[in-house]
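What follows is a set of structures to go through.
One chain, chain A, links the two complexes that follow: it is found with chain B in the first and with chain C in the second.
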Partner chain A sequence: MNKPGMTLIVKTIVRISTSLILLYGVYIVAYGQLTPGGGFPGGVIIGAAFILLCLAFGKEVALKKMSTASASILDSAGALIFLGVALLGYIWGTFFLNFFPNKGIPFHLWTAGIIPLCNIGIGLKVSVCLFGAFIALVLFRVAKKEN
Partner chain B sequence: MQIIPLFIAVPLGAAFILAMLGKARHSLIDLLANIVTAFLLILAISVIGVKGTTTYSMGRWLPPIGIVLVLDGLSILMLVMVNLISFLATIFSISYIERFTAKAKFYAMFMLMIAGLNGVILTGDMFNMFVFLEIASIASYVLVAFGTEDEELEASFKYMVIGSVGGLFILLSIALLYGMTGTLNMAHLSQIIASKNFGIGLLFTSALLIAGFAIKAAIVPFHAWLPDAHPSAPAPISAMLSGVFIKILGIYTMMRILTNVIGIATLGRAWDIMLVLGAISMVAGGLLAIGQWDYKRLLAYSSISQVGYIMLAFGLGTPLGYLAALFHLANHSIFKALMFLNSGAVEYATETRDLQKMGGLSERMPVTGITSTVGTLSISGVPPFNGFWSKLLIIIAIVQAGRPVYAVIAILVSVLTLAYFLKVQRYAFFGKIKDTLMNIKEVPVPMCISLIVLAALCLIIGLDAFRIIQGTNASWFIRVMIEPAKEVLVNGTNYVKTILP
Partner chain C sequence: MLLIILLIFMIAGAIIALETKNLLSAVIAVGAVGAGVSICFLMLGAPDIAITQMAVETLSLVILIRATISRDLTHVTAQKEVGGLIAIGVFMAIFVLFSTFALMEIPSFGKPLMTVSSHYVQNGLAQTGASNIVSAIILDYRGYDTLGEATILFVAVAGAIVLLRKKGRKKVGEKDE
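Right, the complex of A and B next:
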């Protein structure tokens, strides 16, 4: 019981499933404008994959993949992407303008204008934010024990 | 008017950039935060005097489908107050927040709060308003707990629980309004409400709305969170919370929705509840303030009392009542921000908030002492300072509306206000200096600048208001700032005609 994390069975299954969960999350984000889903649900799935890693292998392994500093920067970057896309509309005259052409062709990936870009920003923000909140709760508990 | 969305976009962007700059040098962070708030103040000043109603359709989606931002007299007054106080609070923070470790995080949350406040002021969409309201509220929960001491965390938790209940009341009423009318655009809502008879359902929704906004505005009996939350926050945040936060999230939203969307006539006699709530807040806040020995807690109770004045004048429903309410709102923003910054300066120098441990501070801290005297005289309604004129107008408005009992209460509470602020002056600033305080110094220059500017504003607005004797429009401040805001409220549900042609 010296090793951090859960038993071998859990670790093996998590090792296989994490990448699939991540891929599914990315799919939900990227196809958000065409199928049910979008930035928020996709981001939650991606964040959940990291939380799963953290639960199965212990927080050190998860923090090696994504440190708190980089989580904090990516979190802000997600929000800034969203805001940046909104501000880009000014070039064409209006805040939040959907400026890309070829809108509204069914079943094609890039036909929703700026919505996929916004979804990517939201997905990044939500996934990292969820992971960050989880890590914060984990670290907070440890800090309290030392007192 | 391409600049309208910038009121929201600029602080939002600054918040996330500041959050990324966690480890950067403090001077850089100070500079960035102050440039942003100064820019916002300039933007707000540049829209003063814009006539009529300007609308901005986000992404060229026209109302009632798209979200629309609305800039009219009422929003301009609120924008100027928010951005003025936030600019002075950031200048004050340069020195004050050095005591805490995470300056970048502080400014990031501060910017998020400004984005939320500006959003609530500008939006013309009910649900959008709720979202911005929650952004501002959540940022304030974090800022109240910023010291992370036990007392602060407890205050923040209490604030969060009560604030969330308030938010849920508002959300429920928005859901009910949507269910009844099928739209969320404020102007469109108003049109549908006027065209059909919703009867008791609309009254129930209004009751929920009033309860929700009263929690945000800390009207008695919904005030339990404020006396804990406002003193626990760092002083610049207390100034923001008491100065503008409760007024934008509680009073402004109430004014906007009850007069412009639902309409006072629809509410009928239920409207009188505003007068009762206002009077109870005034009296209870004043009486509770007298017994306090904690400097900031006393100021917090005084905020409850003064917001009661605003509610009372607003509840009269007469044009002069609106004018007096808005004038007192603007004045209270200025002098309550000044007094909270004063308390912060005293805390910075003496490291205590207990009035009994202070004494004779004027001797060592002349700027803080003088500005605090100005604040005291303003809030107690002593001429020539601004508070005198707004309280006078409130009392005249009450008498004109034929409710002399409330006028008597207003005058008595004014005396009460003078009493508890004299207590502050007597114990903190006058008298002989205590031996333990012999080594204190005046606060650093940036903090003094904020105090002096706010005190000067109290005096300038007060002197300008002397011309009220020739008629309310003779005063520059009232003519340019308050009158257009009053017109919006007097116009009532005609609001819809300015947005949906």
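Right, the complex of A and C next:
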């Protein structure tokens, strides 16, 4: 067995469970305005799914799913979504104004104006941020070993 | 009662994490402390924070174990200095003294006296439309704070990626200026 990563048992379990973990993270982000959760914990769970892939299959497989360049682009995109939603409030007056006039029916999914948009931005940002930090540390360790 | 047992468990975990010589055991003991904190938050009625604590705890444990502990660094052999211990004792005494003064002033546990928070609780659903009041506060009323936190995370990870990158920007023959 010269393949990178862990044993066959771990790989099989990870192959089944990664999609479920991703789905759970997306659920936590999307329902952040209705149930406990929100952008930050959901983003951490999504990032953890990618880190699980990286641990089980080796870093090449994980980097094929999410390369360093696309990670940095998505990271900046998440931060810009959040900042852009915040700045859009200036059109109607103040910073971070909840500018949707109709807030929707309470306890339905698309309610609460800007809060779901902010949650999506933060979730994108946090997930890719943590994956990027993990990849940076792993690459650093590999580079040190080669020297 | 269960809260006190959890607190004792967490203090024991913290002491083990400080005193053990093996770095891996110390990381696992810190993880036990984090799990205890998460259960405490859940019992005190803060499921948002409990979810965040659990997820971040698991992820940071994985990062600590996998990415930072290399094989030649798992045993700590350094001795503690006497002067450092004395300084820790003095500063802890000062901290405990002043925090006792401060803790006498705050309202008793679980007693909402603040006018701002009662305004949030009464008008949050009508003004923002979010049924999760924590989301309404951190992303609408206090969105500026959350923007600051997101900026901190962004800058920290950008710094880590820049510092730990594999290839430098300089060419091979180029000299420092």
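Here, the second predicted complex is superposed on the first by the 145 of 147 C-alpha atoms of A that agree within 3 Å, B and C clash if a C-alpha of one lies under 4 Å from a C-alpha of the other, contacts with A are read in each partner's own complex, and residues count from 1 in each chain.
Going forward, a contact is a pair of C-beta atoms (placed from the backbone, for glycine too) under 8 Å apart; a residue touches a chain by one contact, two chains touch by 3 or more.
These numbers come from a predicted model, not from an experiment.
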(request) Have a look at where A:41 lands relative to chain B and chain C in the superposition and call it first, second, both or neither. (result) second
(message) Quick check on the superposed pair: does A:90 touch chain B, chain C, both, or neither? Answer first, second, both or neither.
(response) first
(message) Between chain C and chain B, which one touches more residues of chain A when both complexes sit on the common chain A?
(response) C
(request) With the two complexes superposed on chain A, say which partner A:29 touches: chain B (first), chain C (second), both, or neither. (result) neither
(message) Contacts for A:49 in the overlay, against chain B (first) and chain C (second): which applies, first, second, both or neither?
(response) neither
(message) So in the superposed three-chain picture, is A:139 touching just chain B, just chain C, both, or none of them (first/second/both/neither)?
(response) second
(request) With the two complexes superposed on chain A, say which partner A:122 touches: chain B (first), chain C (second), both, or neither. (result) second
(message) Just checking: does A:14 make contact with chain B only, chain C only, both, or neither of them? Give me first, second, both or neither.
(response) neither
(message) Just to be sure I read the superposition right, which of the two partners does A:79 touch: chain B = first, chain C = second, or both, or neither?
(response) both
(request) Could you give the residue numbers on chain A that contact chain B in one complex and chain C in the other? (result) 72, 75, 79, 83, 86, 95-96, 98
(message) For a test of understanding, state which residues of chain C touch chain A in their complex under the given definition.
(response) 47-48, 50-52, 55-56, 58-59, 62-63, 66-68, 70, 125, 127-132, 134-136, 138-140, 143-144, 146-147, 150-151, 153-154, 156-157, 160-161, 164-166
(message) Can you tell me which positions in chain B touch chain A when the two form their complex?
(response) 2, 5, 9, 12-13, 16-17, 19-20, 22, 56-60
(request) Show which residues of chain A lie in contact with chain B when the two form their complex. (result) 69, 72-73, 75-77, 79-80, 83, 86-87, 89-90, 94-98
(message) Please output the residues of chain A touching chain C within their complex, sorted ascending.
(response) 28, 32-41, 44-45, 47-48, 51, 55, 68, 72, 75, 79, 82-83, 86, 95-96, 98, 103-104, 106-107, 111-115, 118-119, 122, 125-126, 129-130, 132-134, 136-141, 143-144
